[in-house]
Structure formats: structure tokens, C-alpha cells
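A short write-up of the structure that comes next.
The first chain written gets the first letter, and so on, giving A, B and C; residue counts start at 1 in each chain.
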Amino acid sequence: MIELSDVRKVFNVGRPNEFVAVRGISLSIEAGKATFLTGPSGSGKTTLLALIGCMARPTSGRIWLQGRETTSLPERFLTDLRRRTFGFIFQQLNLIRGLSSLENAMLPAYPTGEARRSIRKRAVELFEMFGLTPKIHARAEWLSGGEAQRLTIVRALMNDPSVIIADEPTAHLDTALTLDFLDVLGRLKREGRTILVAGHDPLVSESPVVDRVVSLRDGMIEGGGG
Amino acid sequence: MILDPAILALSAGSVLTCFMVLYSGAFSAGILRRWDIGSGSEGQLVLERKTYLVSTLLAYAFGFEILSFFLFIHTAGRISGLFAGAMCAAGSLNVNPFGYPTLIVKLANVLAAGVWLILNHIDGRAEDYPLIKPKYRFLLGLVPLVVAEAVLQTAYFLRLDPDIITSCCATLFSSGSSALPLGTLWEWRLPLGLAFYAVSGAAIGSGLFFSIKGRGGGLFSILSVSAFAVSAVSVFGFISTFIYELPTHHCPFCILKKEYGYIGYPLYASLLGGVILGAAVGLLGRYRKRGSLTVILPPFLRRAALVSACLYAIFLLLSTLKIVLSNLKIGGY
Amino acid sequence: MSRWIERQRNILDLTLSSLLRRKRKNSALFAAYTLVVFLLASVMFMSQALKREAAAILAGSPEMIVQKISAGRHDLIAADAAARLGELPGVQEARPRLWGYYYDPVTGANFTLVSSGEAGLAPGRIAVGEGVSRMRLASVGDSIEFKAHDGSLLELEVGEILSRGSALVSSDLVLVTEADFRRLFGTPAGLATDIVLRVRNARELPTIALKAAEIFPETRQVLRDDLLRTYQAVFDWRGGLLVIILGGGLLAFVIFAWDKATGLSAEARREIGILKAVGWETSDVILMKSWEGMAVSLTAFLGGVLLAYAHVFLTSGILFEPVLKGWAVLYPSFRLVPFIDFSQLASLFLLTVLPYTVATVIPTWRAATVDPDQVMR
């Protein structure tokens, strides 16, 4: 479903602090499966996620999404594609303070021109599904760690994406919450979505939910490509 | 120079607009040379980012153009009281040789600005920037016009001197005036009226046809531009006389005054709207087969033609009403 | 079409909630904005209202005034010239007028004395404007002492105080009988200050003026329209001058706005990053920021205009009175007639909202084009 061919990403090209985050990665991500990217910090996991999720462009190399090449698409096109295809769960949660949980969740759907009522309905259903209904109008900064985590999952699901990308999602969670999270991932997988997770957590990498583990080091895949 | 707030506002605004358009024009040159949608390179990304800035700047600049056109005419009408001999905008515009040229260039810019904004809107709805090059070529052509307008308008305002005696529209636009051969316009009212109704009717009809059937867009565009020309001459030639109920009063500016119910504004606004949309339909029709436009363009063009036809119909209706309800009869008093 | 509307609505919703959340940070800008609109609007409303007052008042004055000029200065004219002028075709009425200025050493003010041809004044009685009455603390029944041309004192009783409504013209006016006037100023009988003509058809004025100049070559003809134009020009000029001075303040405000827009807080930057990360395009962010600017602009504009309206029409524009109305000892205290038109509001809009919007375009764009993957680091 997602193909990477000799992808390179260099930051600050031509300047003294030039830094190569990803050097020549070729990878194939299967649809409907959960892939786990692991490796020490600085190995390029986050950058790779950003590249796959159409958030950044590679310096060289090509990326195909469901057979369509995304590397040279104009930004406008790319953003629309990203909005429809990917749902992101960030390491730092990235919720907007001062807004209610409901509003935070509805944000990704605002620019699509969908009627507010239908966006709200969907959000409320998702809140229900994840047990967040009592916190609908609570301000985002008042939520507990686990609740906030679930809120970001709801937000990621708002546009019904076919791929979920999560960057170190369990870094601040205890074991119980991590297992809850893995349950959610399993459920999403059963719904037919593709899952991509990056992190260090052995609880995740050794979980039966994860179908494949890819190790990264210094911007390359350990043990050759895939 | 007359330090009227409206004049200061118009002058300041036109200087700002000039800068915005010049900056955008410089950018267009870059776009036309280096734009390559398929490259995905760093340079291309920067260009794409910059188009957002230029689009926003120009949206404001051209919005201002359209507003300033009406404000300019309104102001000219208002300051006519300061000039001996002037009773409406016709007189104030005649005070120095820059008045009428300013008006004409402003009119041209309003039409061009309207069409460009429509082009920009369509380009924005398509993801693959199909109209980027035509759009910026058009813009480059507009730059000298906008600069000319700012220069002419400033010259006009600077040379406004209340000591100058100017002519009233009655002398400018009446029979026997050396300025315009209107001596026999009243006598030509029947053929002119016929032409007016024929061309307007054809334009409205073809617009409706195109909006329903989707064919004949080019014909509609040509007809709508012709209808604009004929209608403009008609306002001048006979519609105004019925509004004033005076066969010798042809002034196109007095109908904007309070005494006549400000009827001039809806009349001119509907004409301008109609011709901008009509011209846009013709211009955009050429790009029907380009990229994602094959999907986006046809429904938009049909709706635009419908609105344009309605606007011309409004103009037709209003003028006819004024003619029928006037105390001046077609056969004279 | 409805998609476009929904998109605007949703984005507008977020805009308003962000603005309300950052009330304190935006309050200085908002206050400055409202102040700028208030000042400009006050100047415009006031000069426009004064122009209309002047026009309304002059509407009642005679179409033409004939004055004798001697050695370049205004001189007394023979009163019977009126009969001769009245015979000119197109002249409805020609009447000699007696009027002059009286310097009152007690108050330091100048009164305008007019000999009123109309009945209603008994000898020894005068009608005074409310400014005169105020300055000399004289109400009906009191007497005012005038110093005549020969040094003697003339006591005149106040029979009437002219209505407040006419204050703009009559504030410093004193109406006297012809006899008292000549007694006071020593103007010989048979001479008048000038001759006024009433002409019905405005188109005939130039012809009549020419003929009057032919018959009486030593006179000048002052047309009412010229007077009107002069007043309009003066108010315009004064108003315009104030606007230019305020332009400095406007510039300062625009720079302030630009600076504020460029220095986006870390919080605001983070928010934009989040929006882009969850799928907002650059154009969506620009739209949101534009709506923010619009919301601030429209509120400040409305607030400034309302305050200016109250200032000019409820308190007679106390802040700008000295510049716009002119320097004098006698101020007529009068209420300006409220008048606002589209042209004023449009000019105001262009002078305030447009510069603010243009100043914030580039910083807005820069903030909106941030890379979405920043947020992931």
C-alpha cells in the first residue's frame, strides 16, 4: 500500500549544520497490517513517519501511496490527500489549550466544508466509543494522561483515515494504559486500517497486534531493506 | 489640491494597491519562468508557498479597485459643488484633462480585476494549479494599467482647483455641444432602443440556453460583451432621458444622484456584474480541457452564465420600468 | 457553494474562540485601532456637518451682493443705487443694507450690528444673539451701553434674544433700527453698506453681475455661490489638514499592528503548527487569520464610528472645536445636525481597515506557511 524507494531526507542543505536524517531507505508497508518502527533516538524514526504521512517531502527518492506517487504533488493536493488518508497520533499529544475536547477533536474536519452538525455527530459517536463522553465539554488541559491520549485517537479518526500513524504513543503511559492502547490498535486493525507505530516500548513491539518490526539505525534500516 | 477625506482615502488606497500589484507583478515574472508543477524541488515549493501570499495581496488589491471605482464616481459627484458650473460628476471630471481618462482606466481595471478574481478563484479550487500561467500572464498585463490609474488619478486630484470654471453636464452632453455629436440622439431613439432590446435579449437568451444545455458558451460570452457596450450607449442615448423626463438631458452621472433615487447604482452595478461574468465565461471556456478543470469548470461556467443573464435581465427590467413609468413618452411630450 | 459557506462558518468559529481566549493580549491593539477610527471619524463627521450647516444657512441669503470698492477697500455705497439695480431684467428685488462691526471694549468681542429693515424694533430697542447676551450678561429688559462714533454713550434696551437654533449666524448679532445705527456709527443718510439683490434664475446671475459692473464700475459683485464655495473649501481644508496630521497617528498604529502580527507568541505558533499537522492547508490558516483581522477591524470600526457619532453630534465635537470652527471670543454653542453618508464611511474604511489589513498580510502569510512536520519534533 505504501512504497518507499531510496528515500533520503537532509535538513539544512548546504549549511554548516547540515544533517542527514534518513539515508536511502526502501520500504514496503502492507495494507491492513501493523508495522512497528524501532531504533535509538536520532535513528530517523520520526522523520520517516513524517515522510510516509505526507507531512514532509524527501530530498530525493520516491514515495507511492496506493499506487499514486506523492513526492512531486503540489502542496495543496498533498494536504488534501493527507487529510483524507492519514490520522496522526503525536508524541506530545498536541492538543490546543483553551478549547474543549469536542472542539479539539473536530478540528481536522473544519476545512473540508462538511456541515458542522454532521461533524459533531461523528465526534460524539467516537467519544462514546472511547468512553470519553463525560469529558466532552471539558477543556483539553484538564484531561488526565490517558483521557488525553484517547482524545488524540478520536481526533485522528475524525476523517475516517485508512492509515493511522502514531509516534511514541505509549512513552508517557503506564502498563495498564499501554495495554488499553494496544487493544484500540487491534480494533482499528480489524476495521481494516493500516497501522504504523514508532517507538522503543517492548510491550508494543512484542505484542501480537504488531505484524512486523522494522529496526532503524542512523537513518537506515538494519539488516537491509524490506 | 482639495483635502477632502474621500480624496485622501482614494489616493492613499491607490498607492497601496499600486505597490501590491507591482510586487505581485515582479513575482509573476518569476512564476512564468520557473514554475514546474511536477518537480517537487525546493525552489518549486517556495514558489507554491509564495502564490498564497500573492493571491491574498491581489484579492485585497482588486477588492479595493472595485470599491474605489464607485467611491471615485460618488466623490466626483460630491465635490461638484466646489466648482463653478458643475452640477454633477460630469462637471468635476471636466475640470482638468485627467478626469475622464482616470474614469475610463478605472473602469477597465474594474472589469479586468473582476475577471482576474474569478480566474483566481477557479485556480484555487483545482488542486493542480491548471491556470497558474495564464493567470499570471494576465496579471502582468494588468500591472501597467493599475500604475497608469494611480498616476492619472493622482494627477487629477492634484490639479483640482476650485478657481477653474467648468461645464455642466447639460453643456457637455447636449445637442449642439462640440464635445459630442449628440445633436440627433433623441431622434435616433427608436433604432437605438431596438438594438438595445435585441442584443440584450439575445444575450439573456443565450445565457439561459448555455446554463441549461451547456453549449454555446463562446457565443454567450460575445453576446454579453456586446450587450454591455450597447447597454452603456443606451443609458447615455435614451434611457437617461426618460429618467430625467427631458429629451435633451443625456448625462450618465446625474442618474446617480439622490433626486433620481440613486437608480444609477443598481443599473451600472448589474451591467458591470453581467459583463465581468460573461467575459469570464468566454475566457475560462478555452481551458475546459485542462487537467482537473474538466470536472470543475462546466458546472461553474453554467452557474456564472445564469447569474450574468439574470443581471442583464435586471438591467433590462429596470430600464424598461423607468421608460414606461416616465412622464416623457416615446413620442415626445 | 454550501460547502464554501460551511468551511467559512467552521473556520470563523475557531477564529472567534481564539480571539476571545487571547483577549488581554489583543486589547492594546484593539484600543489603539478604535482610537484611530474615532479620531478620523470625528474629523470627517464634524467637517461634513459644518459644511452642511453653512450651506443650509447660506441658502437663505441673497443671491448677489453689490459693494462699492474705493482704493481697493470696501466703501459705503449710495442707497439709491438700489433703485437703479432693481430695474435690471431678472432682478426680483434690490435693497440697501446697513451693517457693521462694533468692538466692545468691555468683553473684547466683536459684535455684528445690522440695521433691520423689518418692523418689530422700536427705537432704542435691540435684538441680540445668544452669544452677546451671554457675554454682556444681558437678558430681555436689560440695557447695554454702546460707545458711539463721537465718543458719547448710547444705551439700548434688549427687546429680544435671537433663537438658539440660528446660533451659528446670529450668536454675535445685534439688530438695531436704522436711526440708532446711524446714530451709533455716524453713517450719513443716503449711504448704505451694500446693496443686496434677489434673483430668481441662477443662470442669469453672470449676466446681471456684468450689467451691474457696467452701470457701477466702482463696485464688485459677490455671488452667494462663491461664498458657499469658499466656506466648503475652508471646512474641507481644515478637515483635510486634521486628517493629514492624524495620518501620523495612523502610521504609528499600522506599524504597531505589523509588529504585533510579526511577533506571534510561541503559543500561537504552536497552535498553527497543530492545525497544519491535523490537515489544515496553508490557505485555511490564512483564511482563519484573515477572519481574525476582519473581526478585530469591524469591531474597532463600529466602536470608533459610534463613539465619534456621540462625540460630534451629542457633545458638539469638543475635542476639535477650536480647529474646525475657528478662533473667536464668542463661540456659538449649537448642536450639529447628525449626518452620515456612505462616502464618509467608505473613506473611513479605506483609511483605517485597508492599511491595517495590508500591514498584516505578510506576517500572516509567514505564520501560515510553517511546515507541519515542525510539530512532530
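A few notes on this one:
One rule holds in what follows: a residue touches a chain if its C-beta (ideal position, glycine included) is under 8 Å from a C-beta of that chain, and two chains touch if they have at least 3 such contacts.
From a predicted model like this one, the values you see are computed outputs, not experimental measurements.
The touch graph of these protein chains is complete, with an edge between every pair of chains.
Of all the chains, the one whose CA centre sits at the greatest distance from that of chain B is A.
Two chain pairs are in question, A-C and A-B; the one with more C-beta pairs in contact is A-C. Taking the mean of the C-alpha atoms as each chain's centre, chain B and chain C sit 34 Å apart. Rounded to a whole number, the gap between the C-alpha centres of chain A and chain C is 64 angstrom.
Chain A and chain B have CA centres that are 51 Å apart.
Listed for chain B are residues 49, each touching two or more other chains. Shared interface positions of chain C, defined as residues touching 2 or more other chains, are 282-283. Touching of two or more other chains is recorded for residues 75-76, 80 of chain A. Chain C makes touch with chain B in their complex at residues 40, 43-44, 47, 225-226, 228-229, 232-233, 236-237, 239-241, 243-244, 282-283, 286, 290, 342-344, 346-348, 350-351, 354-355, 357-358, 361-362, 364-365, 368-369. Put simply, chain C touches chain A in their complex at residues 2-4, 6-7, 9-11, 13-14, 17-18, 21, 267, 270-271, 273-275, 277-284, 371-373, 375-377. Contacts from chain B toward chain C in the complex involve residues 2-6, 8-10, 12-13, 16, 20, 49, 52-53, 56-57, 60, 64, 67-68, 71, 74-75, 78, 81-84, 124, 162. The touching residues of chain A, when paired with chain B in their complex, are 13, 57, 71-77, 80. Every residue of chain B that touches chain A in the complex is listed here, in rising order: 37-40, 42, 45, 48-49, 127-129.
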